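In what follows, chain A forms one complex with chain B and a second complex with chain C.
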Partner chain A sequence: MVRVGWVGRIAFFAAIVAYIALPMTAVVLYSLSTRWTSNLLPDGYTLRHWREGLTETRLQQAVLRTTWMAAATLVLDVAIVVPAVYWQRVRNPRIRILTELSAAIPFVLPFVVIAFGILRLAGRYTPELLGTPWIILLGHAAIAFPFLYWAIDGAMAAAGISRLNEAAQTCGATPVQILRHVVFPNIGAGLATGGMLVFATSFGEFALVQILVGARFENVSLYSLNLLTETSSQYEKLAVLTVVVFVILFAISVAVVALNRGQAGRFLPGVRAAEGGRSE
Partner chain B sequence: MSGGVRLEGISKRFGAVRALDDVSLEVAPGELVALLGPSGCGKTTLLRSVAGLEQPDSGRILVGGKDVTGAPTRKRPIGMVFQSYALFPNMTLRGNVGFPLKVRGQAVDRIADRVEELLDLVHLTDQADRFPHQVSGGQQQRAALARALAPAPEVLLLDEPLSALDAMVRTRLRDEIRRIQQVVKITALYVTHDQAEAMAMADRVAVMNRGRMEQVAPPLELYDEPTTRFSAGFVGNRNALELPVTDGHVGFGGALRVAAPNGGSGRAVAFFRPEDVRFSANGHGHPAIVEGKMFQGSVTRLHLVVEAAGETARLYADLPSREAAPLPVGAEVRVFVDAANVRVFPVDG
Partner chain C sequence: MASPTRASAEPRGTAGNADTANPARATLRWVGNGLALWLPALPLLLLAIALLVAPTIELILSSVRGEAGGWTIQYWRDTLASNGGRQAISTSLRLALICATLSLLIGGPLAWLISRMLTLRRSVWLALLNVAANFGGVGLAFGYVAALGTYGMLTLALRDIGLGFDPPPIGSLTSLVLAYEYTNVPLFVLLTLPAMGILRTEWMEAAATSSATRAQFWRFVGLPMLAPFLAAGWLLIFTWSIGIYGLAYAMGAGAATIGRLRLITLQIGLTLNTGVGREERAAVLAVVLLLFATVSLVAYRIILHRALRWFG
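Let's turn to the complex of A and B:
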């Protein structure tokens, strides 16, 4: 067996860190540069692009719009997916084939196809939604729900929700009480992981917004594209926006990881930690 | 004292499998009845039907005189203890015990008083603020018992509550569950596949086989007077010898001769317990060879080989260990069985 020494391990770790950190560092440097064309490092440094970017209403509006859309998508998906998976697990396992097929659609169909499908469907049945952010919300909820579905399904399996549901029923709890007091608190890890993916999917989504609503709902992705294609391309401002988006998503990820630290293990069935528990 | 349970003609199918076949049972108020049988006999399905976790295809379930057959689980006056404890991992033991009262909207101070009372009853006051994963399996099961008792149900349902525990804890908790059931005077249905557990705990034991009730009787009666071939074979670790019926009797050599059952075919099965095999010192009885010995403390179980009705048969015989000690493996002994201790059933009975 080949043994990797500590030097090798440090080198491997450093390579990974460099691979992840280098592009982001370059973007940060670019957002702070006066000019960066021919040297390894920028010719000079300035906070001008940050000042201009952060005070620009259009950028603020784009970030705000994107954030509330991602949050609304998350809320909608949680409201639909958690009761649906709960129902599937405890009442009607036969619908699993349908839910799993639905969860596969966003992965097998290009978003462009999905967007045109939504347009045709809305045009026929709910034309009043066309051109509004609501249609984006429905589209985002549809394409992001598989991430939440798999995470919640796994979390419910790990927590033994079917068993806990029966126990709660024998305690006299109603389905709503079971969801509130038993299901939600015991799928925290899955909810956080899946929720983060839903939020990030909506936050960075471009095709649906472009096709369904276009410039009337300029989110971060669309704004980035516009910065690139406008006659006076503003790459430094684009770098500022990229860093802002990265910081937002990174902060959410860190918060989720911190909140879930040590939580996942205790929901696994059969776990009996030794700490402090005296033997019978 | 809580109300009784009455099951009338309960049947349940899972596809082609008949899980329960016209099962009836009456449990008196305050009585503990053990549902005993092998895996797949329908005992858990019957318990889950009482809980409302399974819906029977036909029959009626009455708890405390009220028909609850179609009632949802949450509206039945039951408390249930599961094999896997099924404590809520997000709540402390105190939270778990208080949960049935909380969902019923009871006042906070009333919940607190009742939870303290129950934690004291199951000796868990010191562990009350620990989470389930921080206590042992036995403690978790005692918390589950307290939770089941919290809303003062009419009937307590226990689904193999001890089978996930190790032997020592199992014996201790078995006694404790019985003590608590008698202190609370609650009607209880207790599912187990362990006959020792059933015999030790229950006022009556209901033996089930293939979805049907074989026999319902107090432990001693079941042990001494099994009324069906299945009960005789399942309870008491009996020897079972299939023998030809000759002149209205079954037997072999000088060891055994018992009247054959009415309606039997040409063969019958004789059941007798290992402790009822006697050893003869005066040359009477039937020759047997000691094939093996298993020390079990005060008694030693001997594995004997005999020639019965022209065929080789194997028997178990329990002897006090001091008497069994001088008998080496391979020794020839002579054995007989008192006819009063033998139960004979038709082969197809």
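Let's turn to the complex of A and C:
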């Protein structure tokens, strides 16, 4: 009985690993193959697609655009979320009602619905914004902020920010000084975890970019779709692009796990915040 | 707080209070206090109102506002009576139901096993699952094609060893389930893993000492305790599966254009991208998604409230 359980467990793990590894392996092999139509493995190997892909301006531009959009989204979110969470913890708890409600919207509402709503609203009031990267930046900041919000809220609870704040105020520090010298240094892990999820969300986002801007801001998702649906001869280039994106996201994932010291990078939102809120 | 209008009705200087004496200053102080209370949160709240709340309201309104400007339920009636609309809703629900249940059945035991591992092994698993959870959208669609397409790696391998294997066509329900689960199962594990810690090893030992079998332990202690967390995870995967768009578009846009596949998100996306179909109907479908999301959120809150008893 024990032995059967042990064998079953190994088989279960192996199946999961195979399932996760299979598409990635196939993509990597695709990017290295000369032709691949008949066997388990490609007919021959070459680095040609990598050379061509990495020197192609369109691919470089797409990766660059996606990266700076994700970075800009991250900076904007940090700039607006940290002060809001700080203020609702130390000064005005009523802010929390509104921020929690706002965070719930992108959490459960599909991005394609949000994109549709923004399209109609912007079309009526600010049509000049449509088709520009600015609306993507604002949209990405709006849909990705909950990740940062929950991570920072948890980190501030764990650091006991309200007591630190009282101590700093007693010493005569201004709110800006407190943010800079007390809050930020104490929420590093939360900032990193939430920030990376924000970055990854913007990096892989498709609905907003496709519906609000389209080809005028060709990011990695749009270019990939183009390569996937255009003609089958583009698959090798798509494989190169997919591996590049995958490596970037992999680096982020590993960093998140490392920063959390073996804990899960995500959690049921509300659980950790409520836990931290009680312990404070 | 004295209102400026009442204060200005009084003769200047008669009241001792500076606020009532100078209405301008009273208003200023009122604004100042309000700013002090809200200012640091204003940018975030404004962004949320402009890009999350207002667009949602706009969609609700445009699904019930007629061309002439009056209210109408015509779009709702049309959409829900149409074959396409009904099919989209039922297929989306069915897909999400299958995905959430499979995630629970596979992800639940996996989360439990990983939670019992030593730190190093657990870290490796977490890294692997994190990568899979983040590998979505168009990239994953290509990964699926490369593995299980007509010339996919697995397809070729199975043909190679002489099995007459026909992969599920791209855009079929089976192919969507297989692709969706690639991110869903890891997400389910990552979401429920922290909760697995509430089951103590001592309790298993206590149950064993009382000569309870493993099955009995799970039936009477383990599952009842984990139930709210597993339910919350199921609910989230269900909700998110209905809303998946990039992956669905990359895999199913072709099948959807010829009417072989109908999903709510795809109907909305195709209407907006191709201009075929009416935007009002897309708005109705978007509000249907909004209703699902609202119900899920309320249910999630209730479940979580129960779950948090164990942290009390």
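Following the convention adopted for this analysis, the second predicted complex is superposed on the first by the 224 of 280 C-alpha atoms of A that agree within 3 Å, B and C clash if a C-alpha of one lies under 4 Å from a C-alpha of the other, contacts with A are read in each partner's own complex, and residues count from 1 in each chain.
In the analysis below, a contact is a pair of C-beta atoms (placed from the backbone, for glycine too) under 8 Å apart; a residue touches a chain by one contact, two chains touch by 3 or more.
Keep in mind it's a predicted model, so treat the numbers as computed, not measured.
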| item | value |
| --- | --- |
| Touched partner set for A:Y19, first chain B, second chain C, both or neither | second |
| Residue contacts with chain A in the superposition, chain B compared against chain C | C |
| Touched partner set for A:G160, first chain B, second chain C, both or neither | first |
| First, second, both or neither for A:N186, with chain B first and chain C second | first |
| Touched partner set for A:A141, first chain B, second chain C, both or neither | second |
| Residues of chain A that lie at the interface with chain B and also at the interface with chain C | 266-267, 271-272, 275, 278 |
| Residues of chain C that touch chain A when the two form their complex | 36-41, 43-45, 47-56, 58-59, 62, 106, 109-110, 113, 119-120, 122-123, 126-147, 151-154, 156-157, 160, 182, 185-187, 189-195, 229, 232-233, 236, 239, 242-246, 249-250, 253-254, 265, 268-269, 272-273, 282-283, 286, 289-290, 293-294, 296-297, 300-301, 304, 307-308, 311-312 |
| Contact footprint of chain C on chain A as seen in their complex | 9, 12-13, 16-17, 19-20, 22-27, 29-30, 36-40, 79-81, 83-84, 86-88, 91-92, 94-95, 98-99, 102, 104-114, 116-121, 138-139, 141-143, 145, 175, 200, 204-207, 210-211, 220-221, 224-225, 228-229, 235, 238-239, 242, 245-246, 249-250, 252-254, 256-258, 261-268, 270-272, 274-275, 278 |
| Residues on chain B engaged by chain A in the complex (per definition of touch) | 51-53, 72-75, 78-80, 82, 84, 86-90, 99-100, 102-104, 130-131, 133-140, 147-148, 150-151, 157, 165, 169, 172-173 |
| Chain B-touching residues of chain A, taken from the complex the two chains share | 159-160, 163-164, 166-174, 177, 181-182, 185-186, 266-267, 269, 271-273, 275-280 |
